[in-house]
Amino acid sequence: MVTEVAARSREEIAARVAADLAPGAVVNLGIGMPTLVAGHVPAGREVVFQSENGVVGTRPLEPGEHPDPDLINAGKEPIGLVAGGSYLSHADSFAMIRGGHVDVTVMGAFEVSAAGDLANWSSGTDAIPAVGGAMDLAAGAATVVTMMSHLTGAGAPKLVERCSLPLTAAGVVGRVYTDLAVLAVEGGEFVALELVPGLTFERLAAATAAALRDGRDRVPALLGERRR
Amino acid sequence: MVTEVAARSREEIAARVAADLAPGAVVNLGIGMPTLVAGHVPAGREVVFQSENGVVGTRPLEPGEHPDPDLINAGKEPIGLVAGGSYLSHADSFAMIRGGHVDVTVMGAFEVSAAGDLANWSSGTDAIPAVGGAMDLAAGAATVVTMMSHLTGAGAPKLVERCSLPLTAAGVVGRVYTDLAVLAVEGGEFVALELVPGLTFERLAAATAAALRDGRDRVPALLGERRR
Amino acid sequence: MSAGAETIDKTVAGVAAALGEVADGATIMVGGFGDSGIPEELLAELLEQGARELTLIANNAGSGESGVAALLRERRVRKIVCSFPRSSGSVWFERRYRAGEVELEIVPQGTLSERIRAGGAGIAAFYTPTAAGTELAAGKETRLLDGREHLLEHALRADLALIRARAADRWGNLVYHTAARNYAPTMAMAARETVAQVDELVGLGDLDPEAVVTPGVYVDRVVRLRREEAR
Amino acid sequence: MSAGAETIDKTVAGVAAALGEVADGATIMVGGFGDSGIPEELLAELLEQGARELTLIANNAGSGESGVAALLRERRVRKIVCSFPRSSGSVWFERRYRAGEVELEIVPQGTLSERIRAGGAGIAAFYTPTAAGTELAAGKETRLLDGREHLLEHALRADLALIRARAADRWGNLVYHTAARNYAPTMAMAARETVAQVDELVGLGDLDPEAVVTPGVYVDRVVRLRREEAR
């Protein structure tokens, strides 16, 4: 159904998110695809990446850089620290998150509802439960952004009227970046801000299992302009 | 009534308290007379003095030592820092106090009751209220010790059956050092552990407005042996 | 951060730019304990600017003729939330308080710092044993937890925090000097905007990342002011 | 501190003396996040000693064949309180959990670290917005505060905390290495006894008092263990 459109790759979605990060924003990147965002920040733009395990100012390792085995991100991958970065305890790190000092959290999602409900911690199967920092980030970050494929592997929409999977937090998602579009979540509906080349609004609507409004006349606001 | 006995001076009471501080004890000294205790710790004994404004390891200034105007104790007097000391925020300092990590707090008192109730923050007059850290220390420290004159300037006992002044905390005082005696507060009564030379038990009992038990056969246990 | 810039620079020139505009009725946290860690020049600028009906959250209520005392003298303060308003020099607080011109909320020092920490950490309220069974428990919800009476205490937040630190970089990372740290790191977390006056600016990366006390995340503006006293 | 000594020396020789005797049924906090900051040798000694029916409080539930995973394999663990038990190598946890041989209390990571902090700071319970309206709120008391639903969460304490740090002095003051800090400073506050394994011992006064992360007040025993990896 959406096969001939210029769907974005994972790296392209990451680059699209990165382009919208405001200079100076404090940003937490979730495990998996969101960590790719750090590698796509426009040259010269300073964005502060926070990792919930107690690092402010993470950066990807340089090619060939010797990793410090203790210096990892929340996904347990080796990282580096930028000049201006610092270390803090887990409790202090989550105080920062819960207290609303992280401007943007970028997370993967199984489902996002038109009300901004987020389901991304439990697949609802009998898998062993594991929540990590997802609920803290979803409840605490000033702006919650998800990045994900628009459809599941089985072709089912991930943007839904009501989540069927266990919630991570209710009414929190503000922006969604998928392989097909950039969407806002506002007033109980999805708003298409930008479609990938070759995709019509109607086809995006068909791939979205909830009300979809056309907002392509709007320029997506930068994420995380400091308002504290 | 107690005029010919060898009543202890303020410095002598402080020295008596200091002699009972266990090596390694973490001790907070209240404003006023208790700060004198730091100057009387037996030579070679390491006691960690904590000041609630964020200093672990305070020491009196050396004679002629140039004071750092920022480095003060809770009584706003200039102090020094011992090797092994460190600085922390007010919130972290009171986490230490409230969390029971200060082994001994030494405070002045207007009244102490036989139940261990402490009144030392409000004189009950129309003075402007000011509580400082007294309630936090009284509620949080593992052992609460008071040092004070046994009688008020007007000759009234400060050790009473029931406090008449507003409480700082209920049922917390464990040991009392006065100009006349060292007393434990146990099981709803005062226990005289040690009397100054020339004082009889009967005269101490007469200067104490609550039941007094004779415990002079006991050696006062050191204060603040680490049990955390 | 200056408009349109791609890099982060929280340093500003001059105390007026640092303070920014303070609205009447603002709630302001003021760092310091006694004379240690007081953001004196920021408070002088606040006085100069003229905002009124302020609520101040601070350990003390000022002494002498400057800082919080001057704000009280000039009748800029509607309410003070503090732990120890009384001192040998707290003349202006006492005068305004006795005349009923300033409201006082007295809070135990540890409860005050924990309420500020809660405000910064997104904890709406907490149970503490401090002050249970005392006059300061009046009107507060109590609860028996672990066999002991506790009081429910609510988070404190502010529109603005004014603090002093020893050194900063352009990201707003801060380190302090001895006991002047006191309330500053916690207040920096609990205010919508935090302004720090510092003795020294250093290059980005010059502060040891293991030793940064306040990450720049919590700081909005930094101004370097030469201090007259020797440190 | 050795008996009868007048000075403070929390350093001990050897991991067995550091761990001390651990009773069956003890509650133990274990520092670390993933492989960063794990007190591996202390955990190996705990396995060697043989204490059973343990409750562990940790971010993860172990992976591979050492540390927490080995304790699970040897059926020493009655319950784990953690945030993220699942990982590519969490084979022993999964096996014991699926067989009903270990109880799991799953806690959001920020709530876990805050509950530990509360335990250390004498806060019996607190209200957090995290997890409100989710499955993990089941059975928890809720309360509307500041117009938002919050959950009541209770403090966590332990009999013992096992942590790793970079360096210590004889008073037990600790500094950490990069992200290995994670849970250690908070767990050190929340346990009746805290034991730290460190890479380096330094002289008293050699640690910058502005940069000490864990004051020795929170530490009971320190053991230096040479680490094989280069740091």
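Letters A, B, C and D name the chains as they come in the text, with residue numbers starting at 1 for each one.
Please note the rule applied: a residue touches a chain if its C-beta (ideal position, glycine included) is under 8 Å from a C-beta of that chain, and two chains touch if they have at least 3 such contacts.
Please read these numbers as outputs of a predicted model, since none were measured by experiment.
J.: Name whichever of A-D and A-C has more C-beta pairs touching across its two chains.
T.: By the number of C-beta pairs in contact, the winner is A-D.
J.: Indicate the whole-number Å distance between the mean C-alpha point of chain A and the mean C-alpha point of chain C.
T.: Result: the chain centres lie 34 Å from each other.
J.: I'd like to verify one number: the distance from the centre of chain B to the centre of chain C, where each centre is the average of its C-alpha atoms, in whole angstrom.
T.: A distance of 30 Å separates the two centres.
J.: If you average the CA atoms of chain A and of chain B, how many Å lie between those two points?
T.: 55
J.: Got the chain C residues that touch at least 2 other chains?
T.: Those would be 114, 117, 121-123, 128-129, 176-178, 210, 213.
J.: What are the residue numbers in chain B that touch two or more other chains?
T.: 81, 87-88, 94-95, 97-98, 140
J.: According to the definition already given, which pairs of chains are in contact?
T.: A-C, A-D, B-C, B-D, C-D
J.: Quick check: in the complex, which residue numbers of chain D touch chain A?
T.: Against chain A, chain D makes touches at 33-37, 59, 83-87, 90, 93-94, 97-98, 104, 106-111, 113-114, 116-117, 128-136, 176-186, 213, 229, 231.
J.: Can you name the residues of chain B that touch chain C in the complex?
T.: Spelled out, the residues of chain B in touch with chain C are 51-55, 68-72, 76, 81, 87-91, 93-95, 97-98, 122, 127-136, 139-140, 166-170.
J.: Please give the residue numbers of chain D that touch chain B in the complex, ascending.
T.: Going by the criterion above, the answer is residues 1, 5-8, 117, 119-123, 169-171, 173, 189-190, 192-193, 204-205, 207, 209-210, 212, 215-218, 220.
J.: Inside the complex, what are the residues of chain D that reach chain C?
T.: That would be residues 114, 118, 121-129, 143, 145-146, 148, 150, 154, 175-178, 208, 210-211, 213 of chain D.
J.: Okay, in this complex, where on chain A does chain C touch?
T.: Within the complex, chain A contacts chain C at residues 23-24, 26, 42, 44-46, 48, 50, 56-57, 81, 83-88, 94-102, 140, 226, 228.
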